[in-house]
Amino acid sequence: MVAATNWATLPETLRSEPLQQALWLSVTTSTAAVAFCLVLGLPLAWVLARVSFRGRGALRALVTVPLVLPPVVAGVALRTAFGRTGVIGEPLLALTGFSFPFTTWGVVLAHVFVSLPFVVIAIEGALRSADRDFDLAAATLGATRWTTFRRVTAPLAMPGIVAGMVLGWARSLGEFGATITFNGNYPGTTQTMPNLIYVTRQSDQDAALALSLVMLVVSVAVLLLLRDRWLGVP
Amino acid sequence: GGDDQAEGQQELTVLAAASLTDAYEELAATFTEQTGAEVTFSFGSSTDLAEQAADGAPGDVLATADEASMQVAEDAGVAGEVTTFATNVLVIVTPPENPAGIEGLDDLTGSTWVRCADEVPCGRVALAVLEAGGVTSEPASLEEDVRATLDKVISGEADAGLVYATDAVAAGDAVETVEIPGAEEQTTSYFTTPLSQSEDAGLAAEWVELVTSEEGQEILVDAGFTLP
Amino acid sequence: MAGGAVSLDLDLHVPGRVRVALRAEPGEVIAVIGPNGAGKSTLVHALAGLVPATGSAVLDGTDLLALPTRERSVGLVFQRQLLFPHLSALDNVAFGPRARGGSRREAEQRAHDWLDRLGVGELSGRRPRELSGGQAQRVAIARALATDPRLLLLDEPLTGLDVKVAMALRIELGRHLATYDGITLLVTHHALDALTIADRVLVLDEGRVAQLGTPAEVAQRPRTEHVARLVGLNVVPSEGRLTAFTPDAVTVSLEPPVGSARLRWHGPVVDVSPHGDAVRLLVRAEPDLIADVTPAAATELGLAPGREVWLSVKETAVRRYDLAPEQTGTVAP
Amino acid sequence: MVAATNWATLPETLRSEPLQQALWLSVTTSTAAVAFCLVLGLPLAWVLARVSFRGRGALRALVTVPLVLPPVVAGVALRTAFGRTGVIGEPLLALTGFSFPFTTWGVVLAHVFVSLPFVVIAIEGALRSADRDFDLAAATLGATRWTTFRRVTAPLAMPGIVAGMVLGWARSLGEFGATITFNGNYPGTTQTMPNLIYVTRQSDQDAALALSLVMLVVSVAVLLLLRDRWLGVP
Amino acid sequence: MAGGAVSLDLDLHVPGRVRVALRAEPGEVIAVIGPNGAGKSTLVHALAGLVPATGSAVLDGTDLLALPTRERSVGLVFQRQLLFPHLSALDNVAFGPRARGGSRREAEQRAHDWLDRLGVGELSGRRPRELSGGQAQRVAIARALATDPRLLLLDEPLTGLDVKVAMALRIELGRHLATYDGITLLVTHHALDALTIADRVLVLDEGRVAQLGTPAEVAQRPRTEHVARLVGLNVVPSEGRLTAFTPDAVTVSLEPPVGSARLRWHGPVVDVSPHGDAVRLLVRAEPDLIADVTPAAATELGLAPGREVWLSVKETAVRRYDLAPEQTGTVAP
């Protein structure tokens, strides 16, 4: 892929406004998505790993569903739920005047939808691997479940949580299909890097490859930065 | 336009089938020259775009590569007057220097060749062309869209592929083109319509006008389209 | 301290592992002793809510068993320590006070104080991995004490500590517990802990209460071989009663003893070890018995492991008492 | 999505040969892919989690790369490497007469490529969360690194490994883009469920939804079966 | 056994934690004692390859420090046990024999034998979580012994065991080690272990060798306060030499002693505990001293904690010897 890139036109490609817009949009929406995933996914993973209840298997299956949906179908599912005439989208629009599709929030929503399972399942795995007796020790010291989770369980499972976040972030970044189906492909608003690459590839294969390379470099750089900082801990 | 800016800069948003990318970007330049309005595209598959338009996606004009998709928009009541503005014929493309020596439909038999899946517009056309040509050999793959078909040939994975003439033009030197006699009997048509959610119906109408004008048609022909 | 005198009314059952009924008065320290697997840790864990139990454990009017662990206000030193590996010693100890709502400064102050009292103040910045076994043990004790629990559960708190520290800690703990109005259960394998710190001793055997009494009672009339060994006595069951005698009352000979000694046993010496100025023998008879002899006698008789010997005690040197735990006051003959 | 399904035509959809072929292909290739991922990924994850060496960060980044590639770009990358004229593909074709594209093995290859990062990163997270001292204990008992890994490290990290496999399997199952770009879309050979759904949607939205639903039900059923069996362990 | 007599030549340094030079003869059992944090576990872990160390540890001609852990052929009982939580007791013990290439059947047979010898044969199917602390400790010992190591490293193997088991194990271990031609390092806090099982005693203090000698030498001429306390002696440094005396040689009075006693100290009683037939006092003087008095005297003098007392010993009751570790043979006065 590196070999196939047209190096002569690369500088020009880099300076183009669509690229800069799309890259910025991709990075910000993926980051926002992973933040939401964490907020939703951490408690969910904890419940799945630590609380025994009827229907746990079903909850886990439900969480896993977006994982096995082909992205386009995920987009359709999202539309069914959050579209302007969707089950949730319609009342939402009526109440607040806000609707997800074709907005940057819609992109974030699509990302959260496809990434959440990765975050939840990776973190659940890590929580299950960790020694549960430390939770008990915290309880004898009077810690609530929340305090225990925050100060004991989560720090001990940190490598797994970071892994989950990396997976979720990367999944968001590379997401193509759900986003374009649910949100369209508007430069500056919903045109993420994969969408831009898709469009560019229609007319200029080389430019598309150059864009892919840019995206690769940026994301690997971000991953490299993140990982050693966090996984160095234990 | 779909995305009006405070200072009154006019904007036009077009939802267009991905196969129109090259031609439409050129048309946009002309349009901006003539009207001063910025053009923004949301390119995608015709199916997606029609559904999005039906769901109220911001946009002034919709352009699809098949009638079925346009019907979706019409059924949803977001379409205005529908115009056919271009057609596209199938050609055979091969990698440069045509390693498998493909000279016509008959040579496909015995080579690794690809075409679009039956379900997508270019596949339906291909099916008709092949039937007319009496070809019974099976392709190595039924591609999701015409772009993927072209891609297999450019990359050398396939010895030949059935794509639109526009794609062959867009690919330039990356492929060699073999015309199919009688292909013009089996074309696919492109449809366009102003959308009811347009906030500037005048501008939308101007775009449709440009596309069907002589100047516009010239650009389309340059890109490999034929005229209806 | 947690304020107000606290009493404990216990009637607790962990199926297949332990069953204990007990009433403890405010401020009481109860030593829990018994062989490995007797159910000591199980009892302590059940009280802390880490093992499900049936029955009741009424502390101060509320049944602990009905509360979740964190509301039980117990302090537990685990046999496995379980210090949080990602927190410093200081943060480990400050964890409890903070979890119970203290401010960060207060909690750290408390933690500092406790670490200092236990002699590991200068290690407060270290992670558990960077501590030696005994240092970590002291941090674990500090962690349990720092929450001012109403019920203090110490599972072998003094193991792994060197003699000096163990002694110092025994004193420190004794001093702390003397002014402490909560209730303490102290699991131990050391007679000294049981006899010096405790107000009463609870002897567990195979999950049941074998004996419950003051240290003096237990030391003088041990009801199980385990306790007897712990306090350095020989105990022999006969005719439904127990016969106890000290090791130095035992006469060792190579020939069967003649004369009046009715109590005599035969078996091989399995161990010889120094014991104060004497030499202590362990003889595999029915049951195992210990005997103290002078070094001179040991040399003369050639008392090495494997040697077959006869043991006897005079009737006047033994104490007899009933097996039944109820009648702790009886003496005979 | 459930609501939008055309129930009247469902039985017919279910009996259709393309569906049955595609479903079977999807399940088998995903399962094969996850098996390969495990064989490759487990050692890789172990190396990343346990061995300190220069370039560990770089290796991890390299493993992560396919994660952030949009699927189509992943397909292009695969082609550059394994295509008929690819860096590896060309000599392979010359030597063995075998070439990946347009074959079922090509599908498996594409699945492995996109799923491996999920497997590796999830497992690495779990390995890092687990107590390393047990490895040391095994070493003192004379166990080689391999024995230690097989009998101590891996069993202790089992929940994380299962999580990694679930992620990888689901990612394979939903994979669309790399497969079609690299392998095309031929019924019975390379047409997986997502491909079938995609092309079906071009002409018949309802049929596509019905297919999605079938896929969903099958995959959730498989996941439900697997998870409780394995995650019940600890 | 691993076959062939084995000697160990040690000159090992773990920066900041321990430095030890030592030569051990084939079959020797060396007890390692010292206060918490002295470096005992560090020494043992360095030999096992779990902590990086410089220097050399030549076992049988090969330098252990140059080998990876698994090739060192050591058997290690960890202070933290570290039984594999997912394996049964049997599989834990069979792990080593299997890892060293034994067949499954052989390995399990060995494991069974060892579990039986340590009295936990009937628990072989249990996971570590389902064992009591002492039961787990025995499985951990079995696991280390079952590999027939050439170097056996036991880090406080007898803690957490009840008296009876500890005694039985001391005997079992003693018997095993007597016929064992490998080398054993036994870390312990118990004088009895050190004095009964060991051929030599290595005393560590703050990471350095404070003393190395036979149990008798160490017991009679302890060079550190820690060892003195361990063997129940008082040791007082003066003029570069050490003065040792037994607790029963100490006279306790409430008034400053008159007369010839040159050796006298003053301080508060901090602990009173029973010791055999006597009462043992711990007095906070310079340094801390222990004194045994009769129960009658204790009552008469009102010897409770806090009481200020005078201690004295007669010159004839003390033994003096040099501080320097080199001259282990000197006696004085």
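All chains are identified by letter, namely A, B, C, D and E, in their written order; residue positions are counted from 1 within each chain.
The criterion applied here is as follows: a contact is a pair of C-beta atoms (placed from the backbone, for glycine too) under 8 Å apart; a residue touches a chain by one contact, two chains touch by 3 or more.
Values in this document were obtained by computation on a predicted structure and should not be read as measured data.
Touching chain B and chain D together: A.
Farthest chain from chain E, judged by C-alpha centroids: B. For this pair, chain A with chain E, the centres built from the Cα atoms lie 56 Å apart. The geometric centre of chain B is 86 Å away from that of chain E, both derived from CA atoms.
In chain A, the residues that touch at least two other chains are 156, 198, 201. Looking at chain B, one finds that residues 51, 151 touch two or more other chains. For chain E, the set of residues that touch two or more other chains comprises 80.
Chain pairs recorded as touching, per the definition above, are A-B, A-C, A-D, B-D, C-E, D-E.
Residue ranges on chain A touching chain B, taken from their complex, read 79, 83-85, 101-102, 180-181, 184-187, 189-191, 198-199, 201-203, 205. Residues 48-50, 68-76, 78, 80, 82, 84-87, 95-96, 99-100, 143-144, 147 of chain C are the ones touching chain A in the complex. Within the complex formed with chain E, the chain C residues making contact are 34-38, 40-42, 79-80, 131-135, 137-138, 155-156, 159-167, 170-171, 174, 189, 191-192, 195-196, 219, 225-226, 229-230, 232, 270-271, 273-274, 276, 282, 305.
By the touch rule above, chain A contacts chain D in their complex via residues 1, 3-4, 57-58, 60-61, 64-65, 67-73, 76-77, 80, 87, 117-118, 121-122, 124-126, 128-132, 156-164, 166-167, 170-171, 173-177, 193-194, 197-198, 201, 208-209, 212, 215-216, 219-220, 223-224, 227-228, 231, 234.
Within the complex formed with chain E, the chain D residues making contact are 133-134, 136-145, 147-148, 151-152, 155-156, 233.
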